[in-house]
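Two complexes follow with subunit A in common, the first pairing it with subunit B and the second with subunit C.
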Partner chain A sequence: MPKRNNVPLAVKIVLYLFLVAVTLIWLVPIFIAIITSMRTNADIMSHGFLAMPKTIDLKSYFEAWQRGGLHKYLPNSFIITMPSLVLTLLLSSLGAYSLARFKFKGRTFFYFLFVGGTMLPFQILLLPVFKLSDALGIYDTYFALIAIHTAFQLGFCTFVLRNYMMTVPVQVMESARIDGCTELGIWGKIMLPLTLPAFAAIATLEFTWIFNDYIWPLVLIRSSEKMPVTTGLATLQGQYVQDWTVIISGALLATIPTLIVFIFLQRYFIAGLTLGSNK
Partner chain B sequence: MKNKIVISVLAALFVLGMAPLFAGGQQEGAAEGGQAAEQDVVVYNSYWSDPEPKRVEAELMEMFKEQNPGVKLIHSTVAHEDFKQAIRAYLTSSAPPDVLTWFAGNRARFFIDKGLIMDISDVWEEAGWNESYSKGFRAMSSVDDKQYFLPGNWYWWAVYYDTRVFDEYDIEIPKTWDELMAVCEKLKSNGVTPFTVGTKYRWTAAAWFDYLNMRVNGPEFHINLMLGKESYDDPRVLKVFNDYWGPMIDKGYFVESPASYAWAEAIPFMTNGDAAMYLMGDFIRDSYPKEDLEYLDFFRFPIIDPSVPVGEDAPTDGYFIPKNSQNPEMAKKLLKFFGSKEVQEYVAKELGRLVTNNKVDTSVYNENQLKGREIVNAADYVAQFYDRDTTPEMADKGMNGFMEFWQNTDQAEKILEKLEKSRQQLFEE
Partner chain C sequence: MLNAKTRYKLIPYAFLGIPVTIYFIWIIGPMLYSFYLSFTKWDGLTAPEFIGTKNYQMLFQDEVFYISLFNNLEWIILFMTIPIALGLTLAMVLNRDIPGAKTFKASFFLPMVLSLVVCGLVWSWLYSPHSGLINEVLRRIGLGALATGWLSNPKVVMEAVITVAIWRQVGYVMVLYLAGLQSVDQNLLDAAEVDGASALQRFFNVLMPQLAPVTVIVIVISIIDSLRAFDLVSVMTRGGPYNQSSVLANFMYIEAFNNYRMGYGAAIAVIIFIISLLFIMFYLTRIAREETNA
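Let's look at the complex of A and B:
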């Protein structure tokens, strides 16, 4: 690894300028969103999005919470996301454990089944899943969303966790087995703690995906009372008139939970991304 | 140490995650308990997601609840674009909403023909709508003399203009095509773009096609074209493109690169004096800056050929009950509420739209509404709008064609040939 001092100053300056420029470009939309959220619709209408704001106030955040309905959509998002997340992680870690550590007939077949599931574009599932939920009588319930999220995310999670568990030395489990530990015990006491980084990374990812999902609630939820924040905020988009300030304030508020999860677990998220890159 | 933090975070997630499952379970239980008491329920989903209509509708819902304390009303607003997709799911599910909003005319006919909409002739009879609604609205809601639909409110299209600009250049309101062209020329020579338009979402271009085609070829030809009975490569259609629309674009009578603006983003051209007119529906009023509203006026789209009957676009929205409705009695109650004189008057006053019930006294209308009503009343034929009169698939192809034409005004023939192919495919199935 080269020492830092070896890099010429000029190169460093260029690099940093480049980094700062790219960062700014990335931040511009967020900055505009924040500014827009504090303007009024009339102001946006007559001066466009990129004008200097005439007035600045935080009223739209309260509007988003009250009139925008965030006070009911945001809890709904959690009611849907949390059980989905827990069920996905629980089931996929069990599945991954068996796929990684047991030899049984059709093991590869099941493994490919999980991998294949992730390849399936969800668009082709919209109609069958809607029909199924209708036939099962769970259409327009939280449960329908929790079930589809869990089922749909299971493939990816099992795939990642299985590959990670493969890297845990078999000897560890064998010695546990010799000491009389049950399989569930091995899973809970040895495998889970060892796969924690992967677990945390997946939890972060899955939380974001499920929390930000738009299409499934659109298909499976009919009443506003049960809508998560994504489809809920969309109801502020009219045919002709968009309630921009409230939509954007709402969207900014809705990113807070994802941010919090990310901040807490980001170390593992990044570690998870580079899993297996340096053996 | 680090692991401990992660474990506790994950544990917290777990507890948080499982809690709602149980809470959710209880809620479901409570809902079932409510049903066991056999409370009357009515589920209403609407696409009124624009801020103003949304506010008025919320007020109407309160009114309904007050009048019917025993009925549990579950009202949901769905984003307008999403609603158009979701309605297919609603209508095929075994428990659809009991009342839905929808477009009158062809778009409703599509579902009626598929047997997805409930026959509500009895409601028309009981509520006396056969007398209190005009023949036109009744025909719009009927198939084989059975009523399936309740028209609720409508608005007109017209050429909106800024009176300050017209006054400044001493411009009279144009009544004929030649006058309009003279106005455009005068404005252009004074550095004002005659028309603003934002075609990012394409339908604003369709309005131009609707009006030019109706004025040049008459509403009968236009509506037959919409129904797929006339062909797009007809020389009469080509005439609209090459003799009227194309020259306007070529002469720079429209603002530059309209496709980069949504319809409302093109309004500032008018308010800051860069452009003078906008062919638009009356909902323009909801988005026009309040301080400029007093300078906004409108006139009827000029007559091109006086021998041709006059057609106008006046999109009508209304309500229907899905065939599978679980609570048809309550649904009919809600429908009667929407069609009643009181509710219609309220909508007319609060929303500035025009309503359908003849019993509504015209004194509730303001000057604008009366003027708009007059334009439509004077018409020989009332169309809905391009994307409501023709099938959604054809509207999609057609509007793409209009956008292409806007970029390449010399390609009309080729574009229309392509549209004709689409028409044959889409209407022959």
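Let's look at the complex of A and C:
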């Protein structure tokens, strides 16, 4: 083995400190957001942002939550995200099972249809889906968003699950088939449990994606009672122009759910990102 | 009753039935319908009226279209090069067993879980001309002359918005390179070192070729994401001032949903789609190659 530790210690320390500095700079926006949310707007406006805050004040959180409307936007985000997540995972695992385990006409075609769809610019869908939702009478309802999220995310989930399912040994399924298990049974009792790691990974990822989506509620939801937190925040921004403490407090509140996912499921989140790009 | 063989043949289609139907109704159908809409005049209320290629003719004479196209190009270039340089450097550094590697990684991952709306709002505050952090710090350290309205100055607004996108992207690129580094053959690097290859030679001639698959993915993802970039512009500037931060996605949204020129909006969407399609096809052929090799 060649020696790799030929760099002098002093240089190492300097490089390490440089890394620490870069990381801290990277986090500045987040620190600033937290500090801002705990100050009052009057304090910032009169003393400047760099002045030491005299008091800690959490009023703007309450303001954003109540009058700013986050108490309705945030639950709405869950009402939209959870069903979309369950539906897209369920449906894509059906499709993925078929694409991974059977040889049939159109197999490659459907696979590429799903893979290609993951990269589609959604601008091409905005107007027709807006029109479709209107025609189906679901414009300005949660259903409109659940439908488009489910459909749009099918591509990515099918792609990842199909590739994961390809790695499950065929023999496992063959023996189940011989034991008289139905295809639906093999899918549910054998394939799904074996693909749990992939499920965990894409579920965390999809949760953040759907939760953080902004364009679809912008196009499909009009009444503020049904808005998720992303368009809700944009409304809040218009409502509290220049009142940065309330806007930033709202933004931080909106981040809590995805932050929790990130803190507890970081491993899966990262696994999802790499799963999606490995092939 | 179907015989067993036919039934077996139908099974894969049965599994695909529901997902494919939904996919066709909400994705493929609408995609094709946008092409039709782009040849119509439509205000969203009355029926679309066929006008041939008029929308495209107007589009190619629209100054905002060219500004947006140029801004998208700038977005692609910056959004690709800076995150690759930073993300790869970080991945190589953090791939070693240095103290606190986990904390460093988590710090760069963090912006990824914030929605673009949240990122846009937080950075709008940092950019705020009067009491925002950036201008305050510049004034404090005697560089007050550089302080500007970052989002109202046409000269810097686009870069100011792209900076936010980059801030959020670096962690992602780092993750992909970290995964890529796991499959790099350390023996090759060591052998090159024994043979007297310099650090730079090892990097460009041994490491980078092995990381090429990751780099290709990163490039494709960056281009596609740049082309559909919308949220940050919508939250931070709405394309202003004087359309200087307009990108195609935002231009399309404003024409279609604010100005009710939906046929025109569809034409812009088709252009975005066609540009994306080049890269989607490139990506699909790569996957197809891997499939046949596998």
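The rule is short, and it goes like this: the second predicted complex is superposed on the first by the 234 of 279 C-alpha atoms of A that agree within 3 Å, B and C clash if a C-alpha of one lies under 4 Å from a C-alpha of the other, contacts with A are read in each partner's own complex, and residues count from 1 in each chain.
We adopt the following convention: a contact is a pair of C-beta atoms (placed from the backbone, for glycine too) under 8 Å apart; a residue touches a chain by one contact, two chains touch by 3 or more.
Quick caveat: nothing in here was measured; it's all calculated off a predicted structure.
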item	value
Superposed partners subunit B and subunit C on subunit A - clash or fit	clash
Subunit B versus subunit C as contact partner of A:219, first or second or both or neither	both
Which of subunit B and subunit C A:234 touches, first, second, both or neither	both
First, second, both or neither for A:52, with subunit B first and subunit C second	neither
Subunit B versus subunit C as contact partner of A:33, first or second or both or neither	second
Broader residue contact with subunit A after superposition on the shared chain, subunit B or subunit C	C
Touching partner for A:254 - first (subunit B), second (subunit C), both, neither	second
Contacts of A:244 with subunit B and subunit C, given as first, second, both or neither	second
Touching partner for A:10 - first (subunit B), second (subunit C), both, neither	neither
First, second, both or neither for A:200, with subunit B first and subunit C second	first
Residue range of subunit B overlapping subunit C upon superposition on chain A, of 1-9, 19-27, 235-243 or 253-261	253-261
Overlapping contact positions on subunit A, where the subunit C interface meets the subunit B interface	45, 48, 130, 218-219, 234, 237
Complex contact set, residues of subunit C against subunit A	9, 11-16, 18-20, 22-23, 25-31, 33-34, 37, 44, 93, 98, 104, 106-111, 113-119, 121-123, 125-126, 128, 130-133, 136-137, 140, 167, 170, 172, 175-176, 179, 190, 193-194, 214, 217, 220-221, 224, 227-228, 230-231, 234-235, 248-249, 252-253, 256-257, 262, 265-266, 268-270, 272-273, 276, 279-280, 283-284, 287-288, 290-291
Residues of subunit A touching subunit B in the complex	41-42, 45-48, 78-79, 82-83, 85-86, 130, 134-135, 139-143, 146, 193, 196, 199-200, 203, 218-219, 222-225, 227, 231, 234-243, 264-265, 267-268
Residues of subunit B that touch subunit A when the two form their complex	2-3, 6-7, 9-10, 13-14, 16-21, 23-24, 28, 43, 45, 47-54, 74-82, 85-86, 89-90, 92-95, 97, 263-265, 267-268, 271, 281, 283, 286-290, 292
Subunit C-facing residues of subunit A, complex	1-2, 16, 19, 23, 26-30, 32-33, 36, 44-45, 48-50, 91-92, 94-95, 97-99, 101-102, 104, 107-108, 110, 112-117, 119-132, 147-148, 150-152, 154-155, 158, 183, 187, 208, 211-215, 218-219, 230, 233-234, 237, 244, 247-248, 251-252, 254-255, 258-259, 261-262, 266, 269-270, 273-274, 277-279
